[in-house]
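Both complexes below contain chain A, partnered by chain B and then by chain C.
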Partner chain A sequence: MIIKTEHLTYKYGIGTPFEKTALDDVSVSIKEGDYVGVIGHTGSGKSTLISHFNAILKPTSGKVFVDGQDIWQDDKTERIKARFKVGLVFQYPEHQLFEDTVYNDIAFGPKNMGLSGEEIEKRVMTSLEFVGLSKDCLEKSPFELSGGQKRRAAIAGVMAMSPKVLVLDEPAAGLDPRGRDEILSRIRDYHKETGSTVLLVSHSMEDIAENANSIIVMNRAACMMHASVPEVFEHASQLEKIGLDIPQITRVFISLHKLGYPVSQNIYTVDDAEREILSCLKGGGARD
Partner chain B sequence: MSEIISVENLSFSYGGQKDTLVLDGLDLKIEQNSFVAVLGHNGCGKSTLAKNLNAILLPTGGKVYVCGIDTTDESRLFDIRRRMGMVFQNPDNQIIATVVDEDIAFALENLGVPHDEMVKRVDEALAAVGMSEYKHHAPHRLSGGQKQRVAIAGIIAMKPQCLIMDEPTAMLDPRGRKEVMATVKRLKEEQGVTVILITHYMDEAVQADRVVVMDDGKIILDGTPEYVFQNVGLLHSVALDVPQSAELMYRLRKYDIKVPISVLNEGDCVKVLSELLENKIDYKDGAFDI
Partner chain C sequence: MIKDITLGQYFPGDSPIHKMDPRVKLLITLEFVVLLFVVNNFYGFAVCATLIVAVTALSKIPPKTVLKSIKPLLFIIIFTAFFNLFYGGGSPVFESVGWLRWLTWGGIRNAAFMSLRIILLLVGSTFVMYTTSPVMLTDAIERLLGPLKKLKVPVHEFAMMMTIAMRFIPTLVDETDKITNAQKARGADFETGNIIRRAKALIPILVPLIVSAFRRAEELADAMECRCYNGGDGRTRYKIYSCKSRDYVAICVMLIVTASVITLNVLI
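Moving on, here comes the complex of A and B:
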């Protein structure tokens, strides 16, 4: 287990009239190398949860383990290590670009890790390639880039630290369909090639279904489910009740299945649907 | 006059006439009380068009008339802005006051609306977006969907004839998106507002009366959602998606399976697929191999 929480509870504004429990007794474990989708409506605790993974927030009670170590033991070295082991890409990460050139911005993290100049350069180049930016960008000011490019430069800055766990909070928000596909496929390649653990926070069930292996469902500050993609989607009606959206095509196949047609309910993408329908027709089609 | 907006041969570039054109000879007429969705990938000119519709930007070439007023007529600027209400992507950029009802009253104060009338309009606007109970709340403590509805109420209170919305749901979760869409549709039905919705979400575009697709500063498709989403290949070529059900029909037709082209919603898709599975729809046996 690369990340584990035990009875993690977090309260905002303790002792004020605005006290609110943002996480309530959450125990989750994330396997090394997994690609985990985190879903839940706004205010369900997703962002509060991931902020605990690299010690940005301190639990009100409960424990957080990164790579087997309790990061809130007295010694702060574990917390510093956690910062480098878990790379967090916040929502709208392009707002965090601040250096004078793209190169310097991406190099900022590795520099703080105390790496050699040579190693820093290598890291910058590799992560630039991962996010699909051209070398011409390196000497530009980050503010000259387009919106989608800025987003990718910001993500490269976190990848350059080679974290064991890469956590991305809504990396595709506000992008058009092509921009979204581009970013998500880059992240998929990164996951495949580096073997690192990836956590993707998203509102889009389609995106999660197409990318993740397992899903954490957050609802009202608690972890409602943590299971494989098919297992989670089996609870479609429950997911809709808590304000989440099931892909249209999944709903279609759940209805067909209920009507007695011999089709699978675990259809999340148009590719799945096409394959399923064609194989049904090949098998003769009709209802038995 | 049934047309609220008339765009004639509109060209626009940010750097004057020599610069690249962001909008290139665009013609568009929008009927009063219609609901028009505008689609296009980032950088295709959608937002530039929207800003030309309420005189935030003025044409480099061609003309824009809103309610019959030429947008370059500076003396009528106030009339234009009052009629064309604009809602942006991020409600945080649009909300300024620290209490919901004060935020909604802001524009009315600027318009010099008398106090009694103002109180009435604030209440009406909040009721219209379903946020009356949050009247005395602080906007920053609301959810994204609620904030966006407050931003819409702030515009509605000015009683605009047309609501121009530039990706109003991009930052919202599914529940927030549904709230905003339901509000918009209700305003159109109950108050006769014309709605122009710029969006990346195909499921929202499907709910409009008319869909306009832009690419490279031009309009490349214009018609009902049923018509527009038949053009799957063309939409893909300009980096746009279609609803999943329409995509599935498009793929099945490639195998010579005679399903209808235009299936946009879940119910119709279930119906077509069940007919297909019961062998009521023609397909050549062995035409596909998987």
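Moving on, here comes the complex of A and C:
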């Protein structure tokens, strides 16, 4: 377990009239090397939860373990280590760019880790490749880049720290379809090549179905489910009740199944759908 | 957390004081401040203090909060009081005991008098801030300064700038919080090192913050232009203030207070 929370509770504005429980007794554990999707309605506590993974927020009660260490147990060193072990990419990360060149901005994290100049350069180059930016960008000002490029430069800035866990809060928000596919496939490649754990917070069930292996469902400050993709999407009606959805393609196949076609109901991605329809047309019938 | 900073001092409520016409409130406060300088005896202050107690009770603002407004200037009050102790004239408190002979009864009276004046001044003038939302306040200032428009003073533009500035303070505070967290996640350290290091550590927060402030300003300007905003000329208002009976009552009370203070001045 790379990340584990035990009875994690977090309250905003304690002692004021605005007190609000943002996390209520959340116990989740995340396996090393997993690709986890985090879904939930706006205000369900997703962002608050991930902010605990690298000690940005201090739990009101409960414990957070990163790599087996209780990060709030003793002195600061554990928390600083957690910051570097868990790379957090916030929503609209391009708003955090500040250096004069893209190179310096990506190098900011590694520099804070106290790495040597050589190592920093190596890391900047690899993460630049991971996000698919060309080398001409390096000497440009980050403010000259296009919206999608800025987003990628900012994500590269976190990847350059080579965190064991990469957490992304809506990395595709506000991008056009091509931009979002591009970013998500880059993250998928990063996950495959580095073997690191990835957490993806998203509102798009399609994105989650296509990328994640397991899903954490947040609802009203609590963790409602944490299971594999098929297990979670089986509970379509329950998800709908809390304002979530299942992938569109899954809906299509459930309807097809109801109409009497011999297809599986557990289809979550377009690629799977293609295969299923082809095998069905060949007369093979349902796969499962 | 940075969010805990209270901005402005507005204390929401729906007491008669809150509902008063902000223009009347401003003018009455102004009058009250002037009156405090007219007072030349302790009885006058007693009248003023009674008014403040009454307003506190009416506005339902906790007395503790009201007294808090003294805190920022506590040092100045003590400072003023201390020096007044020795420059009052009159008979000394202790006869011929070194430098203490400069401490006089007149000095003590002066010190108490000045402190009372400053305290009443602070408490009295903060009531406007407590009971009027910043937007209403700028609106009222704009109306009161309206006649200056004839002299080509851009009153409306100033008021609009003030309103926008205040509207965006919470937004920018929020933004600062977000950026700080993002940079912390990249290992930025804001808590250790000497002053120069700490000041340098703020650059990763300030640059994105300024960039975003400019972005917001541009977006807002576009949005205003899309809605055909072109300055104050010919603009009608959504909220029209009108003096109600409670405002007239307030004016009467203030007149009575003023009259009694002046009478006391003359009599004593």
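Following the convention adopted for this analysis, the second predicted complex is superposed on the first by the 279 of 288 C-alpha atoms of A that agree within 3 Å, B and C clash if a C-alpha of one lies under 4 Å from a C-alpha of the other, contacts with A are read in each partner's own complex, and residues count from 1 in each chain.
Assume a contact is a pair of C-beta atoms (placed from the backbone, for glycine too) under 8 Å apart; a residue touches a chain by one contact, two chains touch by 3 or more.
None of these values were measured; they are calculated from a predicted model.
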{"item": "First (chain B), second (chain C), both or neither touched by A:F90", "value": "second"}
{"item": "Partner chain in contact with A:G109 - chain B first, chain C second, else both or neither", "value": "second"}
{"item": "Which of chain B and chain C A:G43 touches, first, second, both or neither", "value": "first"}
{"item": "Contacts of A:K4 with chain B and chain C, given as first, second, both or neither", "value": "neither"}
{"item": "Partner chain(s) touched by A:D176 [first = chain B, second = chain C, both, neither]", "value": "first"}
{"item": "Partner chain in contact with A:K81 - chain B first, chain C second, else both or neither", "value": "neither"}
{"item": "Which superposed partner A:V252 touches (first chain B, second chain C, both, neither)", "value": "first"}
{"item": "Per-residue touch tally on chain A - higher for chain B or for chain C", "value": "B"}
{"item": "Chain B and chain C contact sites that coincide on chain A, given as residue numbers", "value": "none"}
{"item": "Of chain B, residues touching chain A in the complex", "value": "41-43, 89, 143-145, 167, 170-176, 200, 203, 239-241, 243-245, 247-248, 251-252, 255, 257, 266, 269-270, 273-274, 276-279, 283, 288, 290"}
{"item": "Chain A residues within the chain B interface of the complex", "value": "41-43, 146-148, 173-179, 203, 206, 243-245, 247-249, 251-252, 255-256, 259, 261, 263, 270, 273-275, 277-282, 285-287"}
{"item": "Chain C-touching residues of chain A, taken from the complex the two chains share", "value": "13, 51, 54, 56, 80, 83-84, 87-90, 93, 95-98, 108-109, 112-113, 143, 157-158, 161"}
{"item": "Chain C to chain A touching residues, read off their complex", "value": "3-4, 175, 178-179, 181-189, 203-204, 207-208, 211-212"}
